[in-house]
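To keep things simple, chains are lettered A, B, C and D as they appear, and every chain counts its residues starting from 1.
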Amino acid sequence: MDHTILFRVRYSETDQMGTFYNSRALEWFECGRTELLRAMGLPYAEMERRGVFLPLVEAHVEYRGRARYDDLLKMTSRGTLVGKARVRIDVEIVQAEGGAPVARGYTVHAITGPAGKPIRPPPWLAQLFGVKRPPSPLRGEASS
Amino acid sequence: MDHTILFRVRYSETDQMGTFYNSRALEWFECGRTELLRAMGLPYAEMERRGVFLPLVEAHVEYRGRARYDDLLKMTSRGTLVGKARVRIDVEIVQAEGGAPVARGYTVHAITGPAGKPIRPPPWLAQLFGVKRPPSPLRGEASS
Amino acid sequence: MDHTILFRVRYSETDQMGTFYNSRALEWFECGRTELLRAMGLPYAEMERRGVFLPLVEAHVEYRGRARYDDLLKMTSRGTLVGKARVRIDVEIVQAEGGAPVARGYTVHAITGPAGKPIRPPPWLAQLFGVKRPPSPLRGEASS
Amino acid sequence: MDHTILFRVRYSETDQMGTFYNSRALEWFECGRTELLRAMGLPYAEMERRGVFLPLVEAHVEYRGRARYDDLLKMTSRGTLVGKARVRIDVEIVQAEGGAPVARGYTVHAITGPAGKPIRPPPWLAQLFGVKRPPSPLRGEASS
């Protein structure tokens, strides 16, 4: 499942080069995840209340173009279950007008309990990310 | 008690005007408090472990001059107990070289337990901020 | 003129107490100003392109209640011209559901050129904030 | 050349999970680069004054362990010139006491002029990162 949101660059997110400071991309990625999970029907705040946490184990960003204060950006996020107990979110950010690339990347998340220990993904989480028990022989790519 | 630290402006703290973004002052104030409490002999992390928290109830900043990336700044913090259950920290930030003013202000903190409910300051906290039982009739300003 | 926006607390804006970190209030205030100016018809990015800047000279925040990750907040901003060459923005943030208070405060801004030198507010700026030439002899408080 | 610094986790850098928020790693990486370049004899602020900028084109972080408010961390940074016009900085962060891993990763930087256009690295920059003319035929890995 894909989910797209629009947002604007805050002044606080710029730096003296006049574009967004590099670490802001990871904060934006988080906003994308939050809205992706809400769109999937299970807000992350609710997930944490159920005792399931998705701490980052890896993050990657490619910086592809400038984005200035107040630019309207479009961010698309897509989540997939990887391996037995990881979630990967792929993200792409472009200028809303014109589509010029800004950044893309991904985050990889462990699935843990409140104390940070890895847990097996609960069935509802696996289901959320589109994983089904080997159902139909003709299933292709499950990731969108 | 006063405590002074030196620190440098991070690139992440600048904005497109080329000086520090305004909210960074409050993050710096926090660094000042942290080192003030450590110098007083009771690191804030230890205070929280004892179940005493100092959440902000008020913050005030005056912006007095520019500070650019990598500028070396000097911050002086001073804490006082105000009223029955508040701590106030006054802060001043200047350029380390030349002393040009950068920012000054204060934060006011409630004294609470882990759940956020106000508590009476424990004796060690009152003592920390220099409050003594009505000792001498000639006590004036308690703030240093 | 008043302007109200809705926004959610980002995970990056929380701290280990489980509520928003204090400096985020100033970043939110900036989002409120940005949308206030856009609603007034002159986005701040456009204002800077015209060579007019509004750097902060003062900021004040009262922290009035908790706001957690993903809480939907409602922020109302109102701008007034104060004295000859200052803009003051008053801000109030409450929980969107229920209206519980979160924070309120204000920022005071100088009006400067690109190099940071104070300038007299251009007529369009004065007009923007509702200041009229000395029209009636009985004009009192201009601030609402 | 390697360079190591010590720093403490700020309260503003924590999130509601009680450890540092993920994007802070990139802000710390920047502090490491700043001190690496200063130790190499050419502070980045000076480099920008010479018209040479090192904007990020890529960033990668692996999160390896917790770090809490006020934990003392040790960060080691190492820079290398890669390809014709890129600088890569490798970073490792561990707990200062005990050496438990916290994060590691790298950033890749373009070498540009003030307007963001790639330039050939000036000789002093190539020299800074230890690149020598093809000296020995048996040179293997150039990266340390």
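Here is the rule we use: a residue touches a chain if its C-beta (ideal position, glycine included) is under 8 Å from a C-beta of that chain, and two chains touch if they have at least 3 such contacts.
Given the structure is predicted, the values throughout are model-derived calculations rather than measurements.
Of the two chain pairs examined here, C-D and B-C, it is B-C that is joined by more C-beta pairs in contact. Using the mean of the Cα atoms as each chain's centre, the chain most removed from chain B is A. Inter-chain centre distance (chain B to chain C, centres taken as mean C-alpha positions): 25 Å.
Taking each chain's centre as the mean of its C-alpha atoms, chain A lies 31 Å from chain C.
One inter-chain figure worth recording: chain C and chain D are separated by 36 Å, centre to centre, where each centre is the mean of the chain's CA atoms. In chain B, the residues touching two or more other chains are 11-12, 17, 23, 27, 30, 68-69. Residues of chain A touching chain B in their complex: 11-12, 14-18, 21, 23, 68-69. Residues of chain C that touch chain A in their complex: 8, 10-12, 27, 30-31, 34, 43-45, 68-70. On the side of chain B, the complex with chain C involves touching residues 17, 19, 22-27, 30, 53, 55-63, 66, 107, 116.
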